[in-house]
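Shared between the two complexes below is chain A, which has chain B as its partner in the first and chain C in the second.
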Partner chain A sequence: MSDLRIINIEKQYPQTKQQKDPAFSLQPVALTIKEGEFFSLLGPSGCGKTTLLKLIAGLIPADNGEIWVGDDHLTAVAPEARRFAMVFQQSLLFPHMTVEDNVAFGLKMQKISKRERLADAQSMLEHVGLGGYGSRFPDELSGGQQQRVALARALVAKPRLLLMDEPFSALDPSLREEMRELLRSVQKEFHVTVLFVTHDREEAFYLSDRIGVMSEGRLLQIGKPKEIYEQPVNVEVASFLGLKNIIRGTVANNHFISNDQSFEFPIQSSIQTSQSVLIIRPETIRPVSENMVEILGCVYFKGVIHHKIFSHGYYSVKVRIGEHLLICNFTSQEAEKMNPEQPIDLMINSEDMRFVNG
Partner chain B sequence: MWQKTRPYLLLLPAIGTIVLLFFGGLFDGLLKSLGYFPAIGETRFEMTAYTNLFQSSEFWESLILTIRVAALSSIFAAVLGAAIAVSLFMLKESSKSGASQVWHRLFQLPLTIPHLVGGYIIVLLFMQSGFLSKILASAGLIDEITDFPVLVNDPFGWGIILTYAWKEAPFVSLMIYPVLSRIHRSWRDVARVYGAGSWNFIREIVLPVMLPAWTIATFIVFVFTFSAFEVPFLLGVTYPSMLPVYSYQLYTSGTLADRPEALAVNIILAALTILLGLVVYYFSKRWNVLKGWD
Partner chain C sequence: MRSPRRLLNSILFLLLFIVIGLPFVPLILSSVSFGWQWPNVLPDSFSFRAWEYVLADSSGTWSAVGTSLLVAFIVTAVNLLLAVPAANALVRNSFRGKWLMEAIIFAPIVIPPFVAVMGIHLTFLRLGLTETILGVVLAHISPTLPYMVRAIMISYNTLSVDWENQARMLGAGPISRFVHVVLPHLLPGIAAGASLSILISLSQYLITFIIGSGQVVTLPILLFPFISGGDPAIASAFSLLYAGIAVLTLLGMDLALKKYYQNKKAATAKG
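And now, the complex of A and B:
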């Protein structure tokens, strides 16, 4: 198996005289990406995603740690000998070469005959929907088409690993969706291992088999998209994933009490006393109707509706409970008769509550 | 009407001067080379000066020497200039310090020195009793300074070639270097990831980028050395002499009868330069060197 193994790789940038803030450092990262897997590194700008990507590509030297692909130790191998491919934020096509020559560039470097490499390039251009564009120059293509060429250039060389550094961030939303679809299908077709860097949650969740969430040079959590969304390991991960219902409190005697005491309910004995932050996903909160029978294992709250906003086929309703504004996602049917300042009863299945360390 | 013609009227003095001095001079030279010389009573047009030139072995030897010296000077200056520009570019890419700026300025130094002074520097360095031969003799690498090869005032023109190579290489690098700055910093990363080492990067990316500017710079050097006078006059031999010197010798021979020939040499020089310009233009179009950049 040609899994990519990253063993405690780290990088410390030197402090410059001009900068007052401490220099950036990438804390040791340990990660294994399986052959054929689509792995995303998700995190805000400046968190070290691109640094990690460039360390793996060999474009910047690591201070410590090792990189392996299968049985090949690549830490000291030059980037040109790693047989990786990379797609950048910008297409970075060579303007003096035709589209075909750009795509065939990697094969030319591998000393594949001209006839063979041009045939491969044409076939790959067909795969990315640009058959017949081979003789054009990059400046004759749109931004989306240029990025398709960059993808074709990366795939045609049959890389052991495809590195992608926010490749769709410069495209407009509809093109991004189109490119996502394309990437997803070609990745499955060619069974290529992908390490994808993005700050776009939607993109990462749509494309990835697994996601690694990064912040300030640290890899905070690795897991399947559903896993990290439903079970974030800490407040940082939850916040970055867009979870806003974060309630601080204390856990004692199998009870959770929020700091403002507006939330108080019994919890499972397995939850440790140190885990004193409650995270509630907005879609797990349901309004309680008048005739509803109380369900065992559910926690009930009373609140007052603050306001409601329609968003992409559902209503985002903010409910005031004590000092907290709880965000709830309700269907149009559920939210139909809700109005600001109206009292509301809410319920949450206790299994949908997530407790993490404060 | 006034608004439309105003820019042309404003340009008239400059255009008038250029036309009068450049094209006027060239036209006067052409007329005189064709034998039209009212000062000595010649008002007919004839090709005698050209016929005489083409029949004279002195002219052909001069022409061969001129082409050889101009071609070798241009090639040496082009190679040296490109090497300087690429080295400076690679130095700038790899180092974040200001070292590349210092080197850049250092390589530009010869540009500030006049050709005549450059010629004297070559004389002082490379003549048999010059600096270099004395060093080699002191180091015991040659027995006598007369063992040092004749590089100045030699029939082959090495002294002239050395002067122009040294003097024009910074000019070539100065023409190429800004073009190289069009190379995106990340292209190096792209090329490396796709398997290109430094040499492949230079061959596949850097050379095609600089080719148009390089061709033009080399052509300018060729044209300049082809028709330059002072260095060949200083560092050349009396026979064979380069065409501009040959033209000067004819013009100042003491007899007005030689002047049409002297001016015919100049017209031939200008015609060859134009011809060469057309050839370069044809090839640059055919190689598609500018495609994709704009």
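And now, the complex of A and C:
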């Protein structure tokens, strides 16, 4: 058992005279990351995710809180003695050393003999697909290759925890996907615990076992990708995850009424009056065809098609209902005959609707 | 396209020669002349008398060269030890009164060293540091340190803390970080600062004269009496020797640096 436990870690930055905006602070974070787990911190830039990462690494001192790995209390341990590894946004390969020496650097610091560490570096380079590149210098490699070397360098010393700070954000999209694939397979192979920081939703969902969504110095929600996507705890999480169908209203007498009164339907009694914001995922909305039988537990709406846009194998259709523009994802077949200004009937399974606090 | 460039190159080369090379011609002529008087364009007769005097053991030239180089190298080594932490602190941190610190360190560039040395002299007299090499070394630090700090600060400016953080995360302690990450990055700055420090130390006359009180004999101390009215032939020979020593020292440093980089490349290419 060597889970990473972060207990109420906290950091406050003093407000300086030059900055007009209020001081940034990271609210106490409590988090346990299991051994071998891939955990992502997802949030917009400036939300404090990199600060949290550096606090865990020990590169900046925390005001409060503790960090444990298994039974080792690491709060007061220097970063170089924590046996963590980190991959930064830039590859930060030492320019005066060859790729091989770069990869072997961590082992050199552990005083491992030259022959042994170069052999380890060689095999790690093969794992990241750079077998014959050992004797080159970093400036002879492309950006993607450099980041592969950085990954190899971080993994070679078998760290207890691998911290990654937006490692692929400087790469172009196709390369990013390739690196994602590589990281996934390497992580599974070496069973390394990863704490990954990103602002890219797709990246986080593709890679992670669990995701923590952060905003403005607070950890808003922790859960499996499916959980946080289907059951966001609040509007902030939902909108950061790209869920744009957010409808504000009131809950009373087991009924939901939207503020513009265009939505009104009965809801389950378990929903509290405070949960007055409705979030609808675009792919849960289905068009109703003429000869369809009404299904129990579904909510039906009437609307007018505003416009449709083709996107990666499906149509994104905007439907106007009252004051709201509902975004729906339809298959090409479904959307084929839809035209702007046409009336349309829609249905949603009431289980797919998510009510959160306003 | 090519010929104007070549023309420009040759004009620049000529200009360089006139400014730097030409003054050496009368210097060489003067050093081998015997009674060269106005209005003669060339000396009447030639003799190696001046060179014989300068290169003879009795003139004390070689011990002066030794003292000059000893002082210059110790000064540079001390400067290095002082300048690296100073540059680190000035670039990396912001603290109250930072501008004052910088002003004090860089003051010797603006204020004539003579002013400071008069005060230092009195203190050194009390401490018994006058007439010693140690005293001269200490006095040479004030005019040379600013250049060293300046050069290393520029190197530090281009070294992001991320590099050290990266080394830290790979398990490197403070010493390893400095040796494997910081020092290789600073090396060009150190080389530039050291060259300046050596040159400036070699060319100090007044400070050496006052603090050394004529007992610490460096090349400029030997040279000066001949320039200010003694024997122009001997002064010329000394000047040439002096210039030669300075150029050789710089070339030596340059070679050592190139060798270091080559070894680095060769070692990594082999392994």
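Quick note on the criterion: the second predicted complex is superposed on the first by the 358 of 358 C-alpha atoms of A that agree within 3 Å, B and C clash if a C-alpha of one lies under 4 Å from a C-alpha of the other, contacts with A are read in each partner's own complex, and residues count from 1 in each chain.
Convention: a contact is a pair of C-beta atoms (placed from the backbone, for glycine too) under 8 Å apart; a residue touches a chain by one contact, two chains touch by 3 or more.
Predicted model only: the values in this text are computed from it and were never measured.
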Partner chain in contact with A:E80 - chain B first, chain C second, else both or neither: both
Which superposed partner A:E100 touches (first chain B, second chain C, both, neither): second
Contacts of A:L118 with chain B and chain C, given as first, second, both or neither: second
Contacts of A:D139 with chain B and chain C, given as first, second, both or neither: first
Partner chain in contact with A:Q110 - chain B first, chain C second, else both or neither: both
First, second, both or neither for A:L219, with chain B first and chain C second: neither
Those residues of chain A which chain B touches in one complex and chain C touches in the other: 57, 59, 78-81, 83-86, 88, 90, 92, 94, 96-98, 105-106, 109-110, 137, 153, 157, 163
Interface residues, chain C side, partner chain A - complex: 162-163, 165-173, 176, 180-181, 184, 264, 268-269, 271
In the complex with chain B, residue positions of chain A that touch it: 54, 57-59, 78-86, 88, 90, 92, 94-98, 105-106, 108-110, 137-139, 153, 157, 163
Chain C-touching residues of chain A, taken from the complex the two chains share: 57, 59, 78-81, 83-86, 88, 90, 92, 94, 96-98, 100-101, 105-106, 109-110, 114, 118, 135, 137, 153-154, 157, 163
Sites on chain B touched by chain A in the complex: 184, 186-187, 189-197, 200, 204-205, 208-209, 289, 291-294
